[in-house]
Structure formats: structure tokens, C-alpha cells
Amino acid sequence: RRTGIAEAVYAPGKSPEQCAAAVAGLLAGGPAGPVLLTRAAPEQVEAARERNPGATETAAGLVWHALPPAPGTVLVLTAGTGDLPVAREAVAVLAAYGHDSTLVADVGVAGLHRVLAQRRRLAEADVVIVVAGMEGALASVAAGLTGAPVIAVPTSTGYGSGLEGVTALLAMTASCSPGVTVVGIDNGFGAGCAAVRTLRPLTGGPR
Amino acid sequence: RRTGIAEAVYAPGKSPEQCAAAVAGLLAGGPAGPVLLTRAAPEQVEAARERNPGATETAAGLVWHALPPAPGTVLVLTAGTGDLPVAREAVAVLAAYGHDSTLVADVGVAGLHRVLAQRRRLAEADVVIVVAGMEGALASVAAGLTGAPVIAVPTSTGYGSGLEGVTALLAMTASCSPGVTVVGIDNGFGAGCAAVRTLRPLTGGPR
Amino acid sequence: RRTGIAEAVYAPGKSPEQCAAAVAGLLAGGPAGPVLLTRAAPEQVEAARERNPGATETAAGLVWHALPPAPGTVLVLTAGTGDLPVAREAVAVLAAYGHDSTLVADVGVAGLHRVLAQRRRLAEADVVIVVAGMEGALASVAAGLTGAPVIAVPTSTGYGSGLEGVTALLAMTASCSPGVTVVGIDNGFGAGCAAVRTLRPLTGGPR
Amino acid sequence: RRTGIAEAVYAPGKSPEQCAAAVAGLLAGGPAGPVLLTRAAPEQVEAARERNPGATETAAGLVWHALPPAPGTVLVLTAGTGDLPVAREAVAVLAAYGHDSTLVADVGVAGLHRVLAQRRRLAEADVVIVVAGMEGALASVAAGLTGAPVIAVPTSTGYGSGLEGVTALLAMTASCSPGVTVVGIDNGFGAGCAAVRTLRPLTGGPR
Amino acid sequence: RRTGIAEAVYAPGKSPEQCAAAVAGLLAGGPAGPVLLTRAAPEQVEAARERNPGATETAAGLVWHALPPAPGTVLVLTAGTGDLPVAREAVAVLAAYGHDSTLVADVGVAGLHRVLAQRRRLAEADVVIVVAGMEGALASVAAGLTGAPVIAVPTSTGYGSGLEGVTALLAMTASCSPGVTVVGIDNGFGAGCAAVRTLRPLTGGPR
Amino acid sequence: RRTGIAEAVYAPGKSPEQCAAAVAGLLAGGPAGPVLLTRAAPEQVEAARERNPGATETAAGLVWHALPPAPGTVLVLTAGTGDLPVAREAVAVLAAYGHDSTLVADVGVAGLHRVLAQRRRLAEADVVIVVAGMEGALASVAAGLTGAPVIAVPTSTGYGSGLEGVTALLAMTASCSPGVTVVGIDNGFGAGCAAVRTLRPLTGGPR
Amino acid sequence: RRTGIAEAVYAPGKSPEQCAAAVAGLLAGGPAGPVLLTRAAPEQVEAARERNPGATETAAGLVWHALPPAPGTVLVLTAGTGDLPVAREAVAVLAAYGHDSTLVADVGVAGLHRVLAQRRRLAEADVVIVVAGMEGALASVAAGLTGAPVIAVPTSTGYGSGLEGVTALLAMTASCSPGVTVVGIDNGFGAGCAAVRTLRPLTGGPR
Amino acid sequence: RRTGIAEAVYAPGKSPEQCAAAVAGLLAGGPAGPVLLTRAAPEQVEAARERNPGATETAAGLVWHALPPAPGTVLVLTAGTGDLPVAREAVAVLAAYGHDSTLVADVGVAGLHRVLAQRRRLAEADVVIVVAGMEGALASVAAGLTGAPVIAVPTSTGYGSGLEGVTALLAMTASCSPGVTVVGIDNGFGAGCAAVRTLRPLTGGPR
């Protein structure tokens, strides 16, 4: 809580009761920032909601203590439509902090006109999140079109040579576009948190 | 140049003449931002300087068109002293953009008091760069002590199970501290560029 | 049996009859130490029990010939709640040898106060087991807070960059905290056995 | 020889005499196509020349029995200047078969205008070779700008996350641009041979 | 569309509606070339067909706007019968462009007479596609028997040391037969597209 | 210092002055335990000695503040003679803490009589360190012959399939002998520290 | 057929009809040696039997044209009981060639007395097959106890650090026992074929 | 010694004195079979010779107690000339046991006629050793042309995608030719020992 960054409970592998209790524990600390329950199955959602009223349902899961609207222009790009669930997780974390995002899907570099059509948005964004699997080339291209911070999320979408996201992870961290940063495979939550950290100056510091 | 992010010439594998010409090419574009020559050997430095007057020597190599002082509190932490060359590369890129940094070396988590002694600096930083090899745990710990953006640089220092930086790269991207971002192995230049992108709001946007 | 270390039958891939027979074979050797049946499904448990009376049910499976209480202060820490099943396997092996353990879950380094709150327990332990997945940083941090032997267990919990436990395995063996030792991925059984070996001097040698 | 594809002697690890003899052996088969000696050190070149007169020196090494000029528009792109030696090896193999190439270096996707400036050449080429290290994104981008066959060569240039060319190899074979094909790491020779195979219809078949 | 290369929608991970809409979007661009829906489940096929009439069903999925017959002799070889689905995907892409193919299955090098029996076809082909899993040796052998372009497709068939296609991918890119090119694991679609690019000169250029 | 575990300065990558200063810094903290300078070159040794008098030279490097003799029976086994430098590093760390060790080299399992001849020593040891490269099988065999804690050190000795120690690392952590623990590749220092931690009960606790 | 080595149809991924036809194709070649159908599901077995009468059911699947009894002493050892299915596949291939085998399971090196009890059998065998997963140390130990050819089969049994057989594969090929040979992961069929090749001199050559 | 298989001292990493002493130790055991000193530098050879008279110099190093001529037809094939040093090591081990070998170099599958020209030799051999780097396809092809045991040696020759022999190691163990066995990367010594084991029946058993 002390960092002002989201406290989140990762549901897989926990019983519904454990989920509910974990959320309750975080909320017990007082109204210090959003609390999330991510990747939860219906029973986990239900148990958490029942014990902890006041949650909003988002693409990243349930959120308690969402923050009021805050400034910041966030652009989230995906290479394919299969990357959308991961992208939406980032969008939801940002929303919990009051930040709107523009999500543009399926602008992979195979058809370069698609990402070039986002040039103005790239130039105007305060932070850009790029979600891509397979060879993850979109991160390098997008970073060459903006001076804003670029947070790349490798995904496990696709098959074969994508190696469950490992190829994109390596490729993104090897990007020749200066200043690309990378989070873990399929970690839309982490990308959202990194964006929230980056937008702090626009919100007047820790909230 | 259009992104406002550093143009850099990476010297290894280029002849002194190629280095000099590459720098000249970038400078020919007009005074749009810093130009760097990185990881250059003495003959490369000499050739580049002779053809392109006005360079400053820094830890990241030669810099032309360095920008005037700019606001922003940057903290650069290293786990060991072997990580210093990579850290200094990041510091020099920031300096080319006018940003001062505080560099604190050798605060690896094996002696936790060392990083805990940096708590206040971590809390006050606008951006934190963590440079670490072997298991790279400092990134996770530092990120838990600040709400600022954390840019982690895995290094190839050490031996054996560090696998030339691959272990730290994997560990940092798998960090359980929400919002840690990672650049490539030994890529202090990239970390510096990412920090420059992140500090843009404090400088009044692209310069 | 000659080493005094647990004989265990690993159930997956065996028929219920094979499980029962394997236990019987070990018990036939006489009362030389605990015999365990681990990771058994209900039918395997049932068959083994029926043929070999006198078993106790534990988190690590069935135990025959558990030893009487023995001294030794064991601390088992987990980074997340998803690591609990592996941790409990270690606890159960220790219990079969008469050793009590204190199990503290969810003290991952992202919230450093959680592991710092265990400082006294760490200082007083005779042996510490650290169970963690993803980047496994808890092992390095815990080892810096105790002079006791530290046995780290990498787990396959989490997703993506954790690479099914490989990231934690590499990171833990690359730990910069001197003296961390590591067992196989998800091998709570092995960690328990290593702890039993370590505690031998406190029990007056082989039992 | 029967396939009409280059016979080449790979010099590293052979004595000067072995090089000379290997070339002699291939030439003994009669004038069936070019014979190359690649990656040879000066003594190897000298020994091979002395025993086998009539060689031309090229970027790929010595060539005997080079073929007369043949049609075909070949475009060779490199992401960085460090990729040039590999690119030149491909150019020289093509030259041995009578094919001219246009080599354009340093058009990596970090500055997208550089590859976009090659649009017309990409559209008009009969075959395109893309040579790139690190994340190798240029292959995907170039393939989206041409309907010609694209042969990608991953290189071991750069450092760290490029993993000596493995990252580019994986990324290029995972390319989301349909129809990108890939040869081995640093294998400019192989890319040249693949281009020669591809251009056969323009030369009136096997020569 | 601009490259004249197939636009394809990859169905896995998309809802039936998303599939139908994606196809509609590509068709909306006008009659510029074939549009494919690949690896679709029955519901996805149904939804796509209903919204977009005029599709033909092929081994690679549905095809709209298939092109009229075009010249070109294509030989597709597989090492085992398990490689057939991937091979058929390549055949179907070629068919969508009007190219016939000869598909010969189960000519793995363990029984060399099988591939030797294809010698004439190999010599006469304009392009050869080799589909093989495990050690993928068929690509090297076939390339030694033809001067035509060889496109190798590593597959994930088999078990154990085949490592889900990674072994064949590495082996094929390390082929000592000069000029073998490789696409991604199980990427029959990509191999088909590469063949279409290669056959362009025979069809009078982009269609 | 607080854990009572060795403070060590790892020399590679540091200037002689940095080595000397790092040692001085650790000694400044007062007489709390041994201080080591490891893997130092002659100039580094000289500089460190000159600035910090009172060092003893050991196989693990220089030691200051070595502790007086302490009880404990330590057996160090190596599979080959190439593993000796790593083994000696462990022996020296133990010596710095006052513990004698018996070092028996070249008892690899290819000649099983060699390790069987150590049976009595294995049975009587308080802790066993096994140093082995290539397939590292000695760890599993030794652990089956003792009830004492077994600390395995994978080494990078040998060539080829040993993969610079990675094979032994994986094999040792996958050991089917219950309770084998593993440190990093070539990390004799870490093995020595782990043994010191394990022997603490015999020395009357932290010293 | 020409090598006299088993023709086998690998059933997974084939339809029952494809299985039946593949067997029929091999049998059509005349009575040149055994024909096997391996890893077949019940429907595949049924279809193959119906179309091709005269099969015997074995652990490796159906066998047609089994050869009459032949000399040769074969010892098959497994480290655990989970390795039995792979071992039985080897035994069945040998049986198809008329060779009896002695199969001794569960003699892993953790309890060295188990393999030592097989000393005489090891000394007397004409060929030894060792089937083991996890760290695969049994191959090295067994090879040190016999002068006969040793064929090691790494298996994917176990979990975690065994990495689905990759650890055993690497360890076995890195064995320090001179002359250990290795087949693919879980490839009991291949081990059986290798043994058949090795026993040829005892049967009076190719049969 | 008890297995009748070569005792060998691997020189790299040993001092000349250690080499000499190790050989002396093995010879002290009496005339039980050949003793080898492999991969020794001139000073190591000299020291070993001086202390232990009676050695013969071979491609595998020095040999003491070579055995008299023994029957057996051994064929050693290499894919390239760069594989010769490894092949010669196998030949020398065989020679130490009295077995002659026929060594045929540079018959890689890229030019299939080269290996087909060895058909008769392959059919008549008692054992075949195949030495190959890069994709190692020669092992699969050769095994399809003989019913004799095939021992494959992956080598680290070549560059790039050969991954220092790992690609050939994986490919050879994944061979679809039934009965191929594999030793470690560059392990010509091991291949020679495996061949000696295989030829034992022809020599009248252990010698």
C-alpha cells in the first residue's frame, strides 16, 4: 500500500474463500488505493463480492476503491485480436486509477498502414502500451513513432515459433528502438501498473 | 530524430571512419537533440571528434548537442560494483538530456540494510533505474519501496548460474512487484532513454 | 533405509495396487524410519491404507512409522498463497520425523514489511525453507536475514515469464546471498528431507 | 553440382593445403557452375589461388567460374551497419551467378522513415534479402511492403538480449508477415544461394 | 492487400462473430486477392460463411476470391503422415492463388528410396515445400536433389526429443544444403504464402 | 555481517583500488567474522593486502579475521580433478570459519569403487559437499550413502554436452536422492557458506 | 526393409484406417522382418488387426511377422516404476526379433544396493538398456559395472526439474562413463531397435 | 578397469605433473587394458611420456598397453572436413583396442551421391560411427542404409544455428531412423568406447 501502487489478489490456485479473505485483508488497511481481484473464476468473484461489498466489475476483474478520474492520455495498441484480453487487463488497471485509455487492436506491422494510421495518437500519448505475441515487432515500430514511454507486453498468443511468448519477450527486450521497456509474458496487469507509475506526475504525485 | 529520443551510434564493429561518418550524418539533420557515440574505442573516439567538433566526453561515450539542465529526480541503484559500467551509461544518457542522477552502487539484497538505507531516495525519485546481474532481486525489492516508475537493467556480471544475464532478464520480467519494467541485458543506454521518455512531462514535453 | 532418510513412494503413474505393494515392500524392511506415500489420488490412498494399516494422513500424503517429537525450530516461508501445497509437503515430511514447523505464507518481497516482520523468527530458526515461484527473490532476502541454513524451493506457480519454475530455479541458484541452497522445482518433499538431514545434530544423530 | 547451386568450401578449421585441395576437387568436376572459398584467412586464400588459377576476389571470398550477367532485381537491406559483412556475403554469391544486387544498409525499424524510403525498391524487387540482428523486426516490416519473396538472415550482431542471433532467428521464423522465410544465423552464403534458386525462372532455368 | 499476398484471419482465440467481422473487413477492401479464414472451428466457419457468402472450403479453411488457375509446378513432401495437416494448409493457400501442387507424404529419410523415388519431380519443380518434424533431415536431403527454391516447414509432430518442433526448426535453419529457407513451426500457411511469392514471375507478376 | 555469514568481495571486474577499498569497508565494521577477497588477480591481492594488513592466503583468496578451530566433520568429494579449484574454494571458506575438511578428488561414478571406498567417511560426516561437472551423478550416489546434509556444486568443467555446467545444475536439482541441495554453477564459495550455516549447531550457534 | 531393422507404424495422429493401411503397405513388401504398430489406441488396434490378420499383441503394440527365438542376453534396467512403459516398449521390440530380455525395475541410484545387486547380470549381459528420468544417473553407474554396450533412454517421468526428459537427455549424453549411448526421450522403440542392431553378430547377421 | 573399457585421462585443466601421475596411477593397476591420455598439450604429453615409458602416439593422444589386432569392420563417416579431429579420436580409441577403421570424410547429405557411394561399406560394417555438426542429418541417412549399430557424434563445428553442437545433438536423438544412438557433443572418445563395447562379441568377449 505504501507505494500507492495497486494491491491485487491473483485468483488462480486460490479457493473462493481464500480470495475473499485476501481481498478483505487488503481492504482492512484503509482507503489507500484500489484493490483488485484478477483472473478470477465466477465462484471466486461471487465469494469475494459477498464478503467485500462495493466492487466494480472490469476486464481485469473486480475493483474496490477505484480512484476518481485523473488526467493522462494512454494509448494501448495490440498486434492481433488475440492479444485483446491482455490489453484489456492493462486498461482496467488504469481505469481503477481513474485513467482513460484508447485501445486500438490489430495494428500488427505486417500491414504497416495500420500502425501508421495511429501516428498522431502515438505522438500525443503520455504513455503507450504495446501488446503483441509471436515476434513482437510492433513494440520497436511504435517506439520509433513516439517520444512517450513505451511499455511492451509480450503475449503467448499464436503457436509454434512464438514459444508461448518467449520469442516476443526476447525480441522486445532486444529492441533496437531506444527506450522500449518490457513486462512479463501476458502480464497486462503489470503493464497497467507501470503506466500508472509513469502517469504519477500528471496526477500531482502519489494518491 | 522525430521522437526527440537520443540518436546514438553504436561503435563496436565499425571502423573509425564509419563512426565519424555516422555521427556526421546524424548531426547534419540539424540541432534536434543529443547525438551519442557509444562503446567506442580510442581510435573511434578520435576519428569522430576530429570530424565532428564540439563533443563532450561522458561515461556513455561522446555527446554532441547536449541539452541544458532539466528538472527530474533520478535514482540509479546497482546490486554490485560490477554493474557500474552499465549504470554509468544510463547516467550519461540522462546527462545528455540535462537530467542529473544519483548513482548508489552495491546495494544488493543480500544485505538488506543497504537498500533500506535508500528508502527516502526511493520515495522521492521521479524515476528509478535498477541495475543488477545474477538473480536480479534488487528490482523487485526496490519496486516495493517506491511508487515511481522502475526501469530494471539485467546485467551479464558474475558467472555460472547468471547465464550471462539471462537469469536476471527472466527474473526481472517475472517480478512479483507490480509495474517493474525491463530493458535488454547490459543495455544501460536503453534504460537511460526510457528514463528520458518518462521524465518528459517534467520538462514541458518533447524538446 | 540405511541413510535414515525418508523412504517415499511417489504415487503418480502407479496403479493403486502398485502403490500398496511399494509401501508394503518398504515396511517389510522393519521399523527403520518413516515411510511415505506422496501425491496419491484417493484410490491409491485407499489401496495403500487397506494393505498397510497404521498410516497417518498428512499434507504430503500417508505416513507410516512417524517418529516421536524431536527438537528443532523450522521456519517455512512462502512468497504467495499459491506456493502453499509445496510448502505443506515439506512440513509434512518434517512432521513424519517429529519436527514441528512454523509456516508463514504470502511474505513475498513486493511488500517488504511482510518478510521484515519475520526477522526474529528468521534469526531464531535452526533451518529455513523458502518456497517461491516467478522470480524467487524471497530466498535471497530471507538468507540475508538469518545465519541458519536456507533451503529454497522454486515453484511452478504463476504464469508467463515464470516459465513453469525454471526462472525461479535459475534465480535461486544464482542468488547473491551466500549459502542459499536449492532443491528441484515444486520439490517440497526434497526440501523437507534436506531439512531433516540438517536437523540431525539436534536429534542426537541418525535415528 | 547437379542442382546447379554453388559448391562452396568453408575455410575455417581447414589448413591452407586442405582449402586448396578442396577447391581443386570441385573444379575437377568440370565447368558446371561457380565454386567459392568462403571466410578464408590470407594464407588460405593464397594457397587456394596458387593451386587454382583464375579466381576473382569477392566479399564472400574467392570465386572460380563466375557466371555471366543475368537478369533479376535483388534488394538487400540491413538493419544496422554491423550486419554488413553478412549482407556482403549474400551479394557476392549472387554476383558469382551474374546477378547484381542493390545493398541498402542501416534501415532498421527504429527510424521507420528509413525503410519507408525503400518502398519503391521493395515493390520492384524480384527477391528481397533482409539482414538483421537483435529483434530482427525489419523482416516483418519489409515483407509487408512487397509481394516478392523475402529471405531473412538473423545475425549475431549486437549484445545481450540478442543472444548471439537466437532472438532474431526465433523472431523471424515467428514473423506475422505471411511468407517470410529464414536461413541460419549469420548465413549470408545461404541467403545468397536461396536467392539464386529463386531467380532461376528469370535466367531460363538451371545454368 | 498491397503486397498481393493473402490476407488471412487466424481463427483460434476469436469468437465466431469476430471471425465473421474480420473476414468482412478484408473483403470490404474490394477484389484484390484471396481472403482466408484458417484453423477455424465449425461455429466459426458457420458464422463467417453466413455473413460472407461465396466461400470455398479447403484444407486451410475457407477461401473467398480464389484466383483462376495459374502456372507453376509445386512439389510438397512430408516426412511422415503426421505432417499432413500442415502440408495441406500450404496446398490450400497455393490453390487459393490458382496453383496446383503435388503432395507426396511419408518420404522421410529413414528409408532413402522413398525420397530418391521423387528425384524427377524434385528436378522439375518450380518450388519445393518440405514438411517434417523430429530431426527434419528431409529438408537437407531434398535440397541436395533440386535447384529449385526449397521452403522447409518444421512441425511439432512426434514426441520427446522433437521438442514440439524446436529441434526441426533449429536443424532446418542449420542445414548444410545451401539455400534451404525455413518458416515457423507448423506454419503451413506461411510456407504456402512464401511459395506464392516465389511463383510470381510465372504468373506475370503481382495479381 | 548480521547473519554471521562470510562477507566476501568478488574481485573480477574491480580495479585493485576498488578491491582494497571494499575489503577496508567490510573490516571497518569491526571484528564480526571472516572477510574474504575471492578470485583476485595478483595486483588485486597486492593492493588489498597493502591497505588491509593481517590477511591469510587461501585457495579461496585472502582471508581476514579467520575464526579459531571449530568442530565439525566435513567431507568434500569431487568427480574429477578438474573440479578441484571449485572444491578448494569451499574448503577455504570452511577453514576461514575454523572448520577442517577432508577433500577427496576424482571419485566419479564411472568407477563406482572409488565412491564406495568413501562409504565410511560419508557415514561419519556432518556435512558432505559434492563437486561435479558434466552429468553430476556423483551427488545422487553420495546422497544415497549418507544421512548428512549434501550440498552439490555443479561445475563448468568438461566440454560439449556439459553445457558449461547447465547440465549438472539441472541434473543435481532433479536428483532422485531425497534431500540433495544445490548451489550455483562453479560456486564453491556458496557451498562453503552453506556448510558453515549447516555446522552452526556444532559451534554453539552464531559466532 | 533393406536394413533388416523393424518397420513400425507410429499410431498417434493417424485414423484407424490410416493405421490399417500403413501396416498393410509394409506387409505387402513380403516377409522381410517384423512389422509393428506402436502406441495405438483400441480403435486403431482393432482396425489394423481386422485388415491384417496374424498379429501378436505386445507391450509395444501389435507385431506381425515376429522372428523365431534368437540368442542374446539382454538386461533392461529402470530407475523408477514410472519408467516401465518405456522399458516395456524396448522389450517388445526385442521380442519381435526373437530376443528374450530380463527387465528389472526400480533400481535408481538413490539406493545404490539395488543396482549393485544387478552386478552379475550386468557383467553377463550382451547389451544393457537403461531407462531413467529426472537426472538419469543410473546410466552412468550401470555403464561403470559392465563392458557391454549400454543404451540409455531418458524418460519424461517425474516433474519439475526433470523438464519433461530434457534433463535426463542432457545428463546421459554428458555421462562420464565411457561408451554410454543415448536415444531420444521416451523412445523405448528406438532403444529396442538399437539393441537388435547390436545383437546381430549373435544371430548370424541380418535376418 | 573392471569393465574392460578404456581408462583415459582427460588432459585439459590438469598440470603436466597431474597428467603424468594420473596415467601412472592407472598403469599401476596392472596390464588390464589400454590407458589413454587425451587432448593433451605438448608439455603434458612430454611429462606423461617421461614418467610412463612405452606409449604410442595416436590421434586420440598417447596410448599405453594397446591391444593386439582384433577383428571387426568399422566405418567412420564425417559430414564435413571440420569433423575430422573428433572422428580421429574415435579411430584412435578403436586402434588402441586393436580394431582397424575405415574413415571416410566429407560425405554430408547436401550431396547425397557421396553417402550413397558408401552403401556397400555401410552394408558390410559391423559398426558405423557418424560424426556431424550443424543439423546432423547424416546420422539418419546412414542408419537407413545399414542394419549395423550406428553411433552418432554431434560436433560443434560450423557456426550460428548449429549452436555449438546442441542442434546436432537434439536432431540426432530425434532421428526417425530406428536405432540411432548418440554420444555427447564432440565426444569422439565416447563413440570409440561405445564401438569397442559393441565389437566385444567379435573378440571373444572382455579382453
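Order as written gives the chain letters A, B, C, D, E, F, G and H; numbering starts at 1 within each chain.
By definition in this document, a contact is a pair of C-beta atoms (placed from the backbone, for glycine too) under 8 Å apart; a residue touches a chain by one contact, two chains touch by 3 or more.
As the structure is a prediction and not an experimental result, all values here were calculated from the model.
For chain pairs D-E and B-D, the one joined by more C-beta pairs in contact is D-E. Residue-number overlap of contact pairs with C-G passes half for only one option from B-C, D-E or B-D: B-D. Chain centres here are Cα means. That of chain D falls 35 Å from that of chain H.
The centroid of the Cα atoms in chain B and the matching centroid in chain H are 50 Å apart. Each chain gets a centre from the mean of its Cα atoms; for chain A and chain D, those two points are 42 Å apart.
Inter-chain centre distance (chain C to chain F, centres taken as mean C-alpha positions): 25 Å. Counting partner chains per residue, chain B has residues 2, 80, 111, 143-145, 158, 160-163, 166, 169, 173-175, 178, 184-185, 187 touching two or more of them.
All chain pairs in contact, by the document's touch criterion: A-B, A-C, A-D, A-E, B-C, B-D, B-F, C-F, C-G, D-E, D-H, E-G, E-H, F-G, F-H, G-H. For chain G in complex with chain C, the residues that touch the partner chain are 80-82, 113, 157-163.
Chain A meets chain D in the complex at residues 79-80, 108-112, 116, 134-137, 140-141, 143-145, 158, 160-163, 166-168, 170-178.
Those residues of chain B that touch chain D in the shared complex are 2, 10, 12-14, 18, 22, 156, 165-166, 169, 184-187. Touching chain G in their complex are the following residues of chain H: 2-6, 8, 126, 143-151, 169, 173-175, 178-185, 187, 189-190, 193-194, 196-198, 200-202, 206.
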